[in-house]
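What follows is a set of structures for review.
Two complexes come next, and they have one chain in common, chain A, joined by chain B in the first and chain C in the second.
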Partner chain A sequence: MAEKVIQEEKRVFMTGNEVVAWGALAANAEIMYGYPITPQNEIMHYWTRLAPKHGREFLQTEDELSAGFTTNGGVMAGRRAFTATAGPGNTLMQEPISMAEAMRLPTVTVIQQRGGPSTATVIYSQQEVTLTTLGGNGEGLRVVYSTANHQELFDYTIKAFNTAWKYRFPTFVLADGYQAKMRESLVMYDPAAKGIEMVPTEAFVGKEGTPGVDREPGHFRNTYNVEEELYDVLQGYFADYNKMAPQVAEYKEIASKESKVVVMAHGVVARAAKAAVEDLRTAGYDVGYFRPITLRPLAVPELREVANKAEKILVVESANGQLDRLLKEAIYGCSAEMLSLFKPGVGITAEEVEARVKEIV
Partner chain B sequence: MSVQVAMPKCWRVETKPHKFCPGCGHGIVLKALGQAIDDLGIQDRAVFGCDIGCSLLSWDFFNVDTIQTHHGRTTPVITGIKRANPNLIGIAYMGDGGGYAIGSQHLVNAAARNENITAILVNNTQYGMTGGQMAPTTLPGQKTETSPYGRDIAKTGNPTLGPEMVAAITRDGAYVARGTVSNVKQLTKFIKNALENQLNGNGFSFVEALSLCPTNWRTNAADTWKFLEKEMSQYFTVGEFKAPGSQNEEGQANG
Partner chain C sequence: MEGYIGEYASGKSEVAVNRALDLLHQGHSEVTLVDLDIVEPCYTLRPIKNKLESMGLHVLAWETRQTIGLGETGNILRAENRWALRREGDIILDIGYGVEGAKTLNLLEGAKEEANLYVIVVVNIARPMTASVNDIVSYVNEMGTVYGLINNSHLGDDTNVEIIQDGARMVTEAARKLGLPVVATTVIRELMEDIGPYDCMGNPVRGLTRFMPSTLW
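Right after this comes the complex of A and B.
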């Protein structure tokens, strides 16, 4: 067992990418595979500086396809393995993730969103929500945590490994270039000191004994011969996912079930939404706030309750309606009117949210 | 009277007869590989990764831990496993499309990094599983579904010489050879040498096996062998291209 990386709680001031590297280290991640792309590079930079001091490994691959597939290999060897990417790298990453979905591989992938389509900007967006929640061919199943600040980047990087290994669905930490590059204070800790037990890993291949002699061989495939064979496998996956969803779904809210207008946002934009709602409530406005932390699975029952009680829902995001589309599917048939404040690839301030709420209230 | 079929010990009897077409070369290559695994006593440490294409049909072929990956992606999956658990013996098994076209960046970079894994590539000069399209290895003038008038090298280039390329970009310690299913004894030796190279921690090992596809070549038994021995062997030199401690840079003569 690796020694404790963080002996006691420590208040630090650092960039989000550095936080992810420390979070993975604290979670006892054993190997990172990665390919350079802005704005996630410093996750690798910090990991490669820290890893040798703590007996961890790193491999820089030839592209994101390879980073994803080596990560698949790493978890199949029974290691807590992870990778990180962004933008066009996230596009390539969807192929290995679909293998992880098909074979229930507990990979952890950190996405630092940048502008798109194509190379676009290296700076910031919330335009990788659709790709990160629903990418891959077929109907793969995954867990996506959307963080809003550096404390959460640390907390959810640790949690992502546990969710992945407990439920065996590939798991994402979805942040953005602002969170990646900005410095912010947070408290780092050893998970065990907080009562967080790391879910044990298990090798898919290379277990004790000779296959066919002492044990059955591990034969892992993602190809099926006939439609019904695939159908049966997927039914099992969907059942597992639906059973897991209520245990994994997370959200935060302010008066969302008793307000006329509810502002919905995720990630770093949720901070502006929350600040705006707090200001407006102090000024006497009948407005609430709902922030999904898991974008997949969404907290559907809670969302539907909000959407049946509120008169209006204002969706705010740095994209042209990617969160909006997920929410609309979840609350289909509910009574609230859906309104929006979309700024694709651009940051959103609390003042802008406040002004928009005043328009619609 | 029953005849005892000589199968390698690590073959999985329950999945035989295998799923490949009659006359396919995969069974022969996998027999050579099975023999090498038996001889080296590594059935408990081997991890076999198979590509997509005809090679995917080997996913339950051995009593060896096996992972079916994606088209072209077997090399990185096996690389990831080996990096995470160096005690395992990683074998990446693929076709010529998987290794030389869609997964060529993985083959090149695993070779350049001298990854301590073994890649075995079956060359049958076209894409078998998808119905016989032109591959990087299709011979000049050879007819396939996407080169129906014969491969025009002016438009599509020359056939890829994989072992020659891998030998050129690997450093000392790598093992590179090209065998053929028409010489099983030699092919088995090459595969065994490749796996031994990994066991010794020398780095990347690569064996291309010239193989048969009567289904897509549309050849009878005699013409199938003729194509392998007369036409493929003329273009693709059989032999060892690189071995630790030797100065071999050119393929040695058949034998």
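Right after this comes the complex of A and C.
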């Protein structure tokens, strides 16, 4: 894989799904495992068109359970591997993702959220936040990046591989049907040209030498015999996760620590929230903006500071309070009043956010 | 009769819509625009069907309430569209997308025998799959019988004169290698004055009004 995928920095015009395929290619991902589902299909379509040209591989599995488990297997063999899914596929994938949590496998999963419950619409929502951050049987030992535009889809697809392989927690790029299908321009680059070094991959199994003689034997487990064994292992995982959290937590904000009302939103809805806040501030309103980029872990200290300074927090999302629940847990005991604009499965415009802010100021 | 084909998000639909409206404005009385996108139903003419009809076009396209799953459950060729070439007047086909999309023409009654059907490949060099002369040549070669190329190079809201003229140079060079004409360079109305009636390679310029940004899903 000596050749550079992107020779020089270039402005291009693409759909979000293509951006993910190119981002994975630029990140030197070696293999994608996948099963088709709207609205993530073109990630697979473009990966399968691009992969042969660049010596990469693809395996179409029989379902999302299998796509998740083969991604786990690819990672254990030391491959920079990823998968992508949406909606009901994300539901099925929680089982292999839980296994990845249990075995600390650096899988990368791209989620293009669609409407729910169940099959619902194939189009758009922000209703996979709970599932992606805390799904499966386990404790949510994952990193979830919520992107808002095509540049971020490219940047965070690359970053997801590095976060996963550095900290060894399953890592997600969480977008949605609108970002998947929307067309906008972005700058594609070779990560090395930006000083981004790809964290090297390493095989979990099949290493050289005799186990127990030349090296530590590999013993990778997702099953424990007694409760105390599991408890001890998890204590170590929690300590690692908590140590990692301040290093990976990301957010963007506008005057969030000096405004009476702070609008909080993530992903594509954050674009509307930001536009609304900028308009309102120009018109003299005392309003700020806070957008978590990592939904798991959240930037808890910064959120708590905002929630102790602001009088009101308005949470805006295309779900019935999935971001809101995460935020409330993070800022429990803080003084700000929590208000909402929830439109589950439906897009939200800057005008709607503005109108809601004017109601509550 | 013209059919517009090309890479996903190359601008086929935008070019087709504008071409149909141009013909109408030139005084052609019967202009029919046919949505033949059975590959990707997310950006299609469906959401702007009524608007285009109110402007005087005949539009053969699904309406949202007639569809389920938007591609998830498979797509079928609308019965009326299959017979579009039998209609009177100008027929503009919007065929999406790529090589598989181009095969949709095989489903159209009379397409093989029709000598007056001109299939035109829409190219945007900001699309990475058609970003070099060689990529464009091999892409067009996969498409079957093609009449000519259109340079529709742009960057959405970030479009400037440079990308359009770069596209003109690259598409003209590719067309020369393919032995095909460049039918036109398309330019959004806001930049038409900066480019003039011909691009830097002497290809005629067609003005574009953007309709597609309002058609997602």
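Just so it is clear, the second predicted complex is superposed on the first by the 350 of 361 C-alpha atoms of A that agree within 3 Å, B and C clash if a C-alpha of one lies under 4 Å from a C-alpha of the other, contacts with A are read in each partner's own complex, and residues count from 1 in each chain.
The criterion applied here is as follows: contacts are C-beta pairs under 8 Å (C-beta built on N, C-alpha and C of every residue); 3 or more make two chains touch, one makes a residue touch a chain.
Everything quoted here is computed from the prediction, not taken from an experiment.
If you put the two complexes together on chain A, you find that chain B and chain C both fit without a clash. Angle at the C-alpha centre of chain A formed with the centres of chain B and chain C, after superposition on chain A: 100°, rounded to the nearest 10. When the shared chain is aligned, chain C comes close enough to touch A:Val12, but chain B does not. Greater residue coverage of chain A by touch, when chain B is weighed against chain C, goes to B. Once the two complexes are laid over each other on the shared chain, residue contacts for A:Tyr156 go to neither chain B nor chain C. Contacts of A:Tyr33 after superposition: chain B is touched, whereas chain C is not reached. Applying the stated contact rule after C-alpha superposition, one finds that A:Pro211 touches chain B and leaves chain C untouched.
By the document's definition of touching, of the two partners only chain C reaches A:Arg49; chain B does not.
After overlaying the two complexes on the shared chain, residue contacts for A:Leu59 are found with chain B alone; chain C is out of touch.
Of the two partner chains placed by superposition, only chain C is touched by A:Ile123; chain B is not. Here's the short version: in the overlay, chain B gets within 22 Å of chain C at its closest Cα pair. Common to the chain B and chain C interfaces on chain A is no residue. Interface of chain A with chain C (complex): residues 10-15, 18, 22, 37-39, 42, 49, 119, 122-124, 177-178, 181-185, 188. If you check the complex, the residues on chain B that touch chain A are 10, 12, 43-45, 47, 52, 56, 59-60, 62-70, 73, 76-85, 87-88, 105-106, 108-109.
Listing the residues of chain C that touch chain A in their complex gives 8-9, 42-43, 69-72, 124, 126-129, 131, 154-158, 163, 216-217.
Per the touch definition, chain A reaches chain B in the complex via residues 30-31, 33, 57, 59, 61-63, 65-66, 69-74, 76-79, 81, 95-96, 99, 203-207, 209-213, 217-223.
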